[in-house]
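Have a look at these structures, which come just after this line.
Both of the next two complexes hold chain A, though its partner changes from chain B to chain C.
For the complex of A and B:
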């Protein structure tokens, strides 16, 4: 409470309101000053593939500061693995990147096999690689359709969902699960392929290649799409390196780096003839384009491998109750979203002692504060869509 | 970038028009679910069936279940001896075998660990219930699913025969 000279008592609140109104009048008379506004994008936003919240500070239409706020879907997989046995862990980690689930199992199983000092038989390696690439196709197909929706084009998503079904049917026919195959076992695979699967796979790969052509004509050739993506959200090569981007995001910035080619794993990628796709531009268009070309490459990998699957067993000699010897192992593979790795620590028990999961999306969205600075609000969605993350992959 | 001969937008319109013609000619890719049904593949993990005679209530499935949705109770009974004059045999009788499909995550570990071939996958999928408690299937209901269990499919050439 303050007393004025006239003897009238006014409250602090009234005084503050008076000062504010005086200041506002003064400002209007001098110049128009803009105020910042905080905009929450998410947690429930269709562009985020789950529940990611982006806090953006706007000045007019421009972003001056942005930060991703993850953790709305944290499920504690690293902790859960400590109280699960090895077969149970593969059922869990299917759910990390739910669009390419089979690819999640492979690095974990490879790490466990590395600790046990065994290797899957060649037939299992081939089938693993084929299913790995099929899950990449199923994953990226959704991206290509979803991309159109983010930009306001409704049609591509129906094409994508129609054709993704073929890849999912193929995975389901072999593994029994459309989304969560849980097909990988330490030492091999759960079961062999059913009869007629290889012919079906060849027919499906033809359809998927056709789908890639359709999307290229429908979306990538579209002038509006090009205007919305070319030159938007440019990531230079050194920035991409310093933020630890991986997968198609890094390759779109001109980094020639693919773990399928650059490391020797007991998988069959080296048996097929394919090339790593890179693009020098680093903008949203480059990221989308690289993913489209990678789908084509994945189709050709599958086509080449299904013809040459060697005969033989699909399971190495593994005891019925798996006990992994003491030790530590790190294995990472090139998953649909980028590098995914598992650091498995075992104390000689039926389950792992500790598992550190390195998932691609978590590192890929760490660039958003740098990338979103200065862009306009409609472009936020384009950039987020082209970065392509799955929330399960961020929060784990 | 060189300008394409046909503007991209018209190319896209051509594709959607071709799809329209194709759909009118060959029918839509979707099916109207309750009237038409797509049959899932033989290996599809739809529902777990129980062959009660094979179960010895060894609890291996209940223990290996990642989210503990299998409930088993059993007791031992004395059965008459196989040969005349022999000792009566101890037989494991199953009192309760429930699977809570509200919890089940369809991983298939229970089917795999079962050493006596008592559990099977069936591709049946139409068992949703208005009440969540009704998703708890007891042993008679699990036994009924046995009729829907298909034969294991033949394997692709190059696979080892007769071995898992």
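For the complex of A and C:
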């Protein structure tokens, strides 16, 4: 590690890559030798699971310069929310991070509740938290399987899809929707939990913990996996902070920061005993490892909360036609992909006047030009996989 | 029986036999391992609709590919592009020519058999490079270049691993290597013969790793690397040219497994002591029928190892792959050769 004059800490590897890139430029300038090659990775490419485009300038297999080009899947959610009423918006924003849909609804509903000055009853808070963690499990499970595919191991992904189905079944049993529950309401929830759901949840959490063990054996213990991920795509702590990384990507760089613990929201995370996982290394392996451990923690949160769900109503007193008083509110939560927040501006109407969506993947992916300099082409895929983005979460 | 046939009859039988020897292993490998074993490892059933337990699936797939248009990209070097898959398949056919299947069931039987096999196995590199270059696609080009580097690098440990066997057998004729393994004794015991996997175990491991890389199977599948290079040198291929690449891939796996079983596992033979045979002249005629079956079983066992690794491991990066070849495999293979030579002189 060396510090440059601008105070930025870069690794030796990145410094060498910088020198190599300068040398490559010089070569091109004097028309002596090979030119580089510009490779468009995407918009259609097996590794970008969506329509992300990475423009990479290559010297052989080494990346000199890379830039992500987002926006191929822009769906205009911020604008669409302005022509919908508050209860309708949840059906939309479900689709931002489509793997952990319920988690998208929660911060928006919390922001609306904050403006109206109401709070969901304790039972609703518990069930919200449980469903939130279930969507985290459903989301990260797919990441753990997909990681194998990106690195060339095809078997783990099938285990991931098989076991993710258990978590989706739970969400479906409670909400009626597997992918897009649209279950959260201002002041509470649409329905109570069905009969027998709690036992089912406990059994499923056991299965998910087993799945974590399987993946740890299959992938994380594999020597090839380790040499492919350890020391690849290292993000130092201050760089992670300056690019606004959040979620597991930040925690893998040693930043002990988790919005579930660090802010007080009307949710039930403080009622369970769990810990924030961090890793000092900041490389791809750390990011994957942190996510694996977080899945385990999420399972234990669900296990603890389902035992202690308090009795009572699931809906606060809310008028039939929701009119949110004039004001502005910002609520963000620790979503599966990182910090997700909504800045809601209301003019006292049935719908929001303006909503700014802060989604985690957009910030997480913004570090790629810095991170991809000097790596090899296969490492682009490792780094993108370990940064873990959902295209809907980038483009909104 | 073969001796009584005219020359053209023998040739015809051998040509038909060669086609069977390439296509039958390829088909059974694809069905048993790619369709079924992989599915069971991944907790799914695999194809179940076409035929009983999906056994006709392969014919359905072949039918589908044959119907597709024979596309070539606009910028492609058309002649090379169309020729490349044929060269890859030709390498497989050339390779199977030296494999003995029984005392008289062989296609050709000449002294430098091992040398010839190792030489023609690298012909496929030409086809792959041609495919990569002529596709006018950056991914294909990178795949082709990776393949060239990888296949040439792993040729060396493969040759070195085989040299141990050649030293021990004292011949490069594959038929005689098989006979020697079944006729020899180990520690004075005739019972098992002397399959070289017992004495050349290190060589066998090195050979199998090199074969894995030669076949571009995971963990050495960087030339194809579907998550990085889309499909590497095969990206632009479709229709029957893709089918030829596909058959070539699995047929070559079968042929390399046949060569591995001939070199290390005793080939078509059973230990000669079981029937009181003393040289190849004594071997009963029915071995020409049983021998191919024994070869088939041994081939399936070897391919099982290849496929097991393929479905379990992530892939290397190509610099790590080269490091593995030059810094690990080649020194081990060289040490194995020296040890074999010393022991050969000592005993």
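Methods note: the second predicted complex is superposed on the first by the 364 of 396 C-alpha atoms of A that agree within 3 Å, B and C clash if a C-alpha of one lies under 4 Å from a C-alpha of the other, contacts with A are read in each partner's own complex, and residues count from 1 in each chain.
In the analysis below, contacts are C-beta pairs under 8 Å (C-beta built on N, C-alpha and C of every residue); 3 or more make two chains touch, one makes a residue touch a chain.
Everything quoted here is computed from the prediction, not taken from an experiment.
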Problem - Dominant toucher of chain A (residue count), chain B or chain C - result: B
Practice task
Scan A:119 for contacts with chain B and chain C and give back first, second, both or neither.
Solution key: neither
Exercise for the section: Answer with first, second, both or neither: which of chain B and chain C does A:378 touch in the superposed model? Expected result: second
Exercise for the section: Once the structures are superposed on A, label A:313 by its partner contacts, choosing first (chain B), second (chain C), both or neither. Expected result: first
Practice task
Could you look at A:200 and tell me whether it touches chain B, chain C, both or neither (first, second, both, neither)?
Solution key: neither
Practice task
Mind working out whether A:162 is in touch with chain B, chain C, both or neither, as first, second, both or neither?
Solution key: both
Exercise for the section: Considering only touches as defined above, state whether A:85 meets chain B (first), chain C (second), both or neither. Expected result: first
Exercise for the section: With the two complexes superposed on chain A, say which partner A:39 touches: chain B (first), chain C (second), both, or neither. Expected result: second
Exercise for the section: Determine where on chain A the residues touched by chain B overlap those touched by chain C, and list them. Expected result: 155, 159, 162, 218-219, 222, 224-225
Problem - Touch list for chain C against partner chain A, complex - result: 38, 41-44, 138-139, 142, 218-219, 221-222, 225-230, 311-320
Completion exercise
In the complex, the residues of chain A that touch chain C are 37, 39, 45-47, 61, 148-155, 158-159, 162, 218-219, 222, 224-225, 227-228, 376-381
Exercise for the section: Please name which positions on chain A make contact with chain B in the complex. Expected result: 84-85, 87-88, 91-92, 123, 155, 159, 162, 165, 169, 172-177, 180, 182, 190-198, 214, 217-219, 221-226, 309-315
Handout entry: Residues of chain B that touch chain A when the two form their complex
Key = 4, 7-9, 11-12, 15-16, 19, 29, 40-45, 64, 66, 105-109, 112, 121, 153-160, 163-164
